[in-house]
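This structure is in structure tokens; I'll ask about it shortly.
Chain naming follows the written order as A, B, C and D, and within any one chain the residues start at number 1.
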Amino acid sequence: MATTLITGGTVVSATGRGQADVLVDGETIAAVLEPGSVLLGTDLKSTVDTVIDATGKYVIPGGIDAHTHMEMPFGGTFASDTFETGTRAAAWGGTTSIVDFVVQYPDQNILDQYHAWHEKAAGNCAIDYGFHQILSDVQDSSLTAMDELIEEGVTSFKLFMAYKGVFLSDDGQILRAFQKGASNGAMMMMHAENGAIIDVLVKQALEAGNTTPYFHGTTRPWQAEEEATHRAIMLADLTGAPLYVVHVSAKQAVEQIAGARDRGLNVFGETCPQYLYLSLEDQLGATSEEWGDFEGAKWVCSTPLRSKHEGHQHHMWQSLRTNDIQMVSTDHCPFCMKGQKDMGIGDFSKIPNGIGSVENRMDLMYQGVVTGQITLERWVEITSTTPARMFGMYGKKGVIQPGADADIVVYDPNGHTSIGLGKAHHMNMDYSAWEGYEIDGHVDTVLSRGKVIVDDDQYIGAKGDGKYFKRGLSQYLV
Amino acid sequence: MATTLITGGTVVSATGRGQADVLVDGETIAAVLEPGSVLLGTDLKSTVDTVIDATGKYVIPGGIDAHTHMEMPFGGTFASDTFETGTRAAAWGGTTSIVDFVVQYPDQNILDQYHAWHEKAAGNCAIDYGFHQILSDVQDSSLTAMDELIEEGVTSFKLFMAYKGVFLSDDGQILRAFQKGASNGAMMMMHAENGAIIDVLVKQALEAGNTTPYFHGTTRPWQAEEEATHRAIMLADLTGAPLYVVHVSAKQAVEQIAGARDRGLNVFGETCPQYLYLSLEDQLGATSEEWGDFEGAKWVCSTPLRSKHEGHQHHMWQSLRTNDIQMVSTDHCPFCMKGQKDMGIGDFSKIPNGIGSVENRMDLMYQGVVTGQITLERWVEITSTTPARMFGMYGKKGVIQPGADADIVVYDPNGHTSIGLGKAHHMNMDYSAWEGYEIDGHVDTVLSRGKVIVDDDQYIGAKGDGKYFKRGLSQYLV
Amino acid sequence: MATTLITGGTVVSATGRGQADVLVDGETIAAVLEPGSVLLGTDLKSTVDTVIDATGKYVIPGGIDAHTHMEMPFGGTFASDTFETGTRAAAWGGTTSIVDFVVQYPDQNILDQYHAWHEKAAGNCAIDYGFHQILSDVQDSSLTAMDELIEEGVTSFKLFMAYKGVFLSDDGQILRAFQKGASNGAMMMMHAENGAIIDVLVKQALEAGNTTPYFHGTTRPWQAEEEATHRAIMLADLTGAPLYVVHVSAKQAVEQIAGARDRGLNVFGETCPQYLYLSLEDQLGATSEEWGDFEGAKWVCSTPLRSKHEGHQHHMWQSLRTNDIQMVSTDHCPFCMKGQKDMGIGDFSKIPNGIGSVENRMDLMYQGVVTGQITLERWVEITSTTPARMFGMYGKKGVIQPGADADIVVYDPNGHTSIGLGKAHHMNMDYSAWEGYEIDGHVDTVLSRGKVIVDDDQYIGAKGDGKYFKRGLSQYLV
Amino acid sequence: MATTLITGGTVVSATGRGQADVLVDGETIAAVLEPGSVLLGTDLKSTVDTVIDATGKYVIPGGIDAHTHMEMPFGGTFASDTFETGTRAAAWGGTTSIVDFVVQYPDQNILDQYHAWHEKAAGNCAIDYGFHQILSDVQDSSLTAMDELIEEGVTSFKLFMAYKGVFLSDDGQILRAFQKGASNGAMMMMHAENGAIIDVLVKQALEAGNTTPYFHGTTRPWQAEEEATHRAIMLADLTGAPLYVVHVSAKQAVEQIAGARDRGLNVFGETCPQYLYLSLEDQLGATSEEWGDFEGAKWVCSTPLRSKHEGHQHHMWQSLRTNDIQMVSTDHCPFCMKGQKDMGIGDFSKIPNGIGSVENRMDLMYQGVVTGQITLERWVEITSTTPARMFGMYGKKGVIQPGADADIVVYDPNGHTSIGLGKAHHMNMDYSAWEGYEIDGHVDTVLSRGKVIVDDDQYIGAKGDGKYFKRGLSQYLV
């Protein structure tokens, strides 16, 4: 098989950095070596098929985005990225694995859905992919399916405390799923918002004529998130199940998670770039010439962007530093403004929920390194190493070590990336949620299982490069 | 230079484990490779000078004990381990680096002391060593010395809130040292006990005829530790200095540290094996035929062993799991019962304070893996990787990666170690604080910078193998 | 009208005590005077119709039990005390007012129920009574009824987070009721247990053959109470409604309430004597010759008695002292063992929930004064003054001052009361939940609006003495 | 003796309000009666010597200012109010009792000082007065003096964590005093600021040329107060002594006190009007034509005014509402700008510390009722009832009930008070700290032990009206 030597770079891990060469043999990493690459008399550089010069650059494990929704059906439409377009965009941005959510709605058969998702993804992906399973309206059959899916490499299950009639499970259903998770080791993921509260507030807002995207934010107050987060934690406490709270946006929810950790529980939290950078006022409340006060629809997602006057964003960065929030995913769920988001003109509750960021996550988080919010090591940890450990992929993914899949990114701290339409934007969206963001770094080269798929601002991979990744149980539990 | 290949083992890091071979070239690690060791046509196994078969065993970065007091002068006597005996014992136990404390008493010149410590250590050590500097009674000259010592690789400074007239600095002195630390990046270490309170309680106990070792514990109540810990944290908050609290034993002190972390501060805590396993009642209150109720003197150290009825030990293990306590050192400061500890018969306040564990730390903490208190990865993290990062040694120490010093331990999970006199006990002490402890694992082979110094239950190194390690600033700050 | 002078006693209020005579003129207190009773030349003692000598005794405002369920319909049976028997028993025990709960089940008309309760009570009560209104399954009509009922003097409304299909309102319904409370000033009362969780645990316990009363306790774990308490607090935070959590039994729930108070919210908690004195192990787990392991049915109530090993009882006393719990009611809801509780033999979930204590509350709490758990003033505060303030009765009730209703108890600290069948037990129950409790004090004389209804261990009142009390809004809000 | 009837008013207590007449006979309250004053045939109004018409007004127990420093020696000068001028000003403002601090400096005999203070006060006061004792540099003799002073009615002792060489006791000294307090029931008062920290910061500020009053605030950061408060609480926890923290200004210190209460400790906090209304920026940073940037000297006191951007003032009002702060005193310690405060021009550390508010406290706090910060009842509680209970005066002071001293204020909610020089300002100060404050209420009439001393904007009392009040132990402990 083909061999590649990445030379001269600084290999960065979750715990530190060092000068080292990385030897790739076929799909995996064969060795990590002292730079210079003359090993016991063998001049590797002249022996290998390909040499990639990473001098002055960071060599990092490929990004893992553990929360995406490719072509997800929602409210009569579909998320605008297919597995093909979405994973290709991910590759552009230095992400070499995603974990996508298999959707089950009530009355749908879980395993049927699981197989349907395989069909959608197989042969279409640019990078490797795994699946989480969504469980709606948990029944006995759901509990049985959990065991079966773990065998299939689906070891994490997402429940919802919101979206009545669509995704919602009541607390008794959640309890039973958590009991199952406690016994079979599955990670229980939670969309933690109190839907019953939100439904009333939304109805009241619309009745009061408050119909613009701004009110999407005000009708999902932090109390609804904090409450549901606390409730999920109590269920984790009661059952012993590990809990992973998705898309945490409220600082008060973080405090609940941090408090649970202080008590020794296996409770974890994920945030997303939007909760670190964007706000209720600046985005949901934005206006534009094109869209007027509907401009904010671009950033309608749930949990919502939060008020900058309450300090959530500042606190979220801090929580990333102190590991009270363990990782950053995107909750990538893009919709176009025209033909999708615009269904909600005059009624924010009809706006498809979601933001597309799968391409931008590595860059956006790197900018946090540049501005001093996080260290270089922490960048690798929250975007790759912890996602791998959290979801049972570590060893093959999330680390540069012998035997690991050669999912590697060469990142140039002296490069530059401009995000926006016509610039770094390869997602299937007619707008960018990150228009105008400038990044002081650049994804130079991306290897997926040993194959260079992005290089020199060219995508040189092909659909079907990416394979299904059969995950194990979480490797992050205390 | 000589080459060694460690084959067939499971390399364990702070974030995971994997099958890999480790190639050592001279003093450093040259490569980490896929097992099998045929690299681009080169059969390493037949090429290297030495092959170490680690099949079925763990290959870990050598232990780092960041808190030792070799031949420390205290109360007219000296800690019974010299740099020679102490570091040799450390090697026996799989520890390949120590960071020892240079002692300065008031009126002593700090740099003179620093040089004196170099003289004691140079040419005598079995393993590499670094120094922290103790600052007593902080003066302007102390602040100047801090800058000079950082240049020398002494980047951490210990202050005391107890031991009036010996080590104590008042809060204004501490403030000034912390201000300096905030500006030059030094790690501020704190012995956090309120000495003024303790001095009164000790006096009252002795006056009341409460003279046995048990009262060493009761006169240093958790409130004295919690209070000082909180005070140190406020000084860190006020100045911005990083703070490292040594030998944390009270759960309430842990809560203060955890709270400070939740607020985003660079505040860290270390504990020691004695605070995880031993107690006021079982050890300080022990009696024996030989020593009667003075038996407890064997475990007189400060902070003291705490009551098992208050749950400190249980909580400390939990804090290790959740990273509210970041690492485990020994506070190795051994004294013999005869001729040293026995000075305190009839007056516990005259018992030299200290326990010797430098040899036992790796084993004792591994037993926590066996009993499910911590994971295998966490074991490596708290005993090696975090100490290296915390104290500016990472890259050369604390990790198995190319370019790192070849400080490597082959640890056998199927081996067994019995601790106690005549068994695993090579420290210069006439008793073992851990007599009778049985460990379900064994240190098989120890390499220090590429040289095998312990193998097959033989010490095959020599004094002087160990060199001074010039440390950088902490690599663990958020 | 008739005049009475209570002389020589120590009048105790929520803030202090002092020697004073109390002059009653008809139904109200006319004056509180310096002892001796010669006022500007008038020798009151010889002028009044009746003199009550309270020398050496406490003169306190009559007890107010703000949580009773007389003849409440539940599961096909009725609480065994009628308004007649229950209020008479209350009078025996020094309680001169109750606030009872009007029950509404789904589909019942709230105002019809309110009037039905008036019919039950009118002409039957020994002491004054007010009403709270239970709101099940909140609808628009419920919100309208709240406004109407406030006009009628029903200013507090109880919602349930448990008892699906019977009392439960979902979080959206609760939100709307709280919004109404925030606008009209009503006190929102909450039965805070997560019913969805409990229903699953009960089902699982029964399926596992765990059918005895003990499992009533284990299937309602503290997490279910803490969770619901926190959720109710978040709804109070979100809406601004005042919140009163009934029958708090778990220390973790207290912590939630205390935390909410620390944040400045109008959040209050009530406990009951059973949560201070009794436990899962000693009562729910009790056995007897007569009832075997069904003995525990005597103490089946919800929230349940909690484990003594977890320290709830100890913490609850502390919370009473620090005003983190503001008052003590009984949740009086008696059922006989024969013919009622025994419906649950073989299935604890069929045991009617409730304990009868309306007669014993004042004595049981006074015993807390004797044992040093609370002060004498705090006794008056938690049993009378705060209930009056909390529920808009203060001025007429809860205090000894001119213009107040002459609801007065003369309590003898040198007397003695033995509780149990054939002793101090006038409730319509075939057992006493407090059998064998001995109280170092005694209710000597009870006046209800100026009329002596209990004296010298004789009940000398009549049914119909008690009138409906039209309450105002809470006088306890911050 | 003379009799007075106060008719038609609303008597307000800590728990409620009601229409009542108050009959005064000589120095004490003889009765509280239903309005109308015809009692058993006696028309009181025509019988008494004097009738005071309080129709439409509040009748409240006279204010108690538990923290004053009349003619206190400090830094070579004396607080500008003598017992005569200060207590007269207090009377003007509706305060009828003060508790002043006997000062002891190191090497002074405590009992000598106590007697000296009696000499200063005797025959000079307009209102009753008690004493706290300051203990500097605690010695064995101090502990003995505590017992003796309790016999004299001095039941509270103030210690300092600041002012080295002047007032400071170290933690061991404080421990011993607290142990004594735990055994004899004395209330331990604490000036909780870390003086060692402050001394360094002050020195550094002056060296940096930061000499204006503004830097008085910045050199006493909240961390110094929070730290000392926590330390004092730990000493209270360790010893069991009741603790009363004086002049709390930082919200973080409040949190420590609230947390201690949540754990059941007898820990209390007092704040002062300046910490509710004034700030670092608006007052300490003020400039004026007359004084330039020295204007801020008018508000130099310790603890200092805090930054309004940190929300301390807002949080302090909240804490008053929730009883996390129990009472409001003034820390009255006035100095004139000319000849006193001006000693600190060019060096803020030489500005005598103190603000004069003894006259304004009742009005300033009443304005909090007007603005909705506190209830009317809470106003009475924090200014009179709790001070009386806290410091062993209740029954005679702090309440309107028979047998109490007739210290009564008739307060007109329809009146108005303008504070400032030439207006409501009778303190011996050449400026008012409250210049320009307008109060929507007015002190109409003040009775001190039955004698009208202020009426109709006239002072009609005389020096020597006020007597020493021998206090008992605290009546506020849980």
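Convention: contacts are C-beta pairs under 8 Å (C-beta built on N, C-alpha and C of every residue); 3 or more make two chains touch, one makes a residue touch a chain.
Because the structure is a prediction, the values reported are computed rather than measured.
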**OP:** Go through C-D and A-C and name the pair with more C-beta contacts between its chains.
**Re:** C-D
Original post:
What is the distance, in whole Å, between the centres of subunit B and subunit C, each centre taken as the mean of its C-alpha atoms?
Top reply: 58
**OP:** Could you please state the distance in Å, as a whole number, between where the Cα atoms of subunit A are centred and where those of subunit C are centred?
**Re:** 52
Subject >> Interchain centroid distance [CA atoms averaged], subunit C/subunit D, Å >> reply: 39
Original post:
Which residues does subunit D have that touch at least 2 chains other than itself?
Top reply: none
Original post:
If each chain is a dot and touching chains are joined, what shape do you get: line, ring, star, complete or other?
Top reply: ring
Subject >> Residues of subunit D touching subunit C in the complex >> reply: 3, 11, 13-21, 23, 25, 28-35, 39-42, 44, 47-48, 255, 258, 261-262, 264, 318, 321-324, 374-375, 378, 385, 389, 394-395, 398-399, 401-404, 475, 477-478
Original post:
Okay, in this complex, where on subunit C does subunit A touch?
Top reply: 170-173, 175-176, 194, 196-197, 199-201, 221, 223-224, 226-227, 230-231, 234-235, 237-238
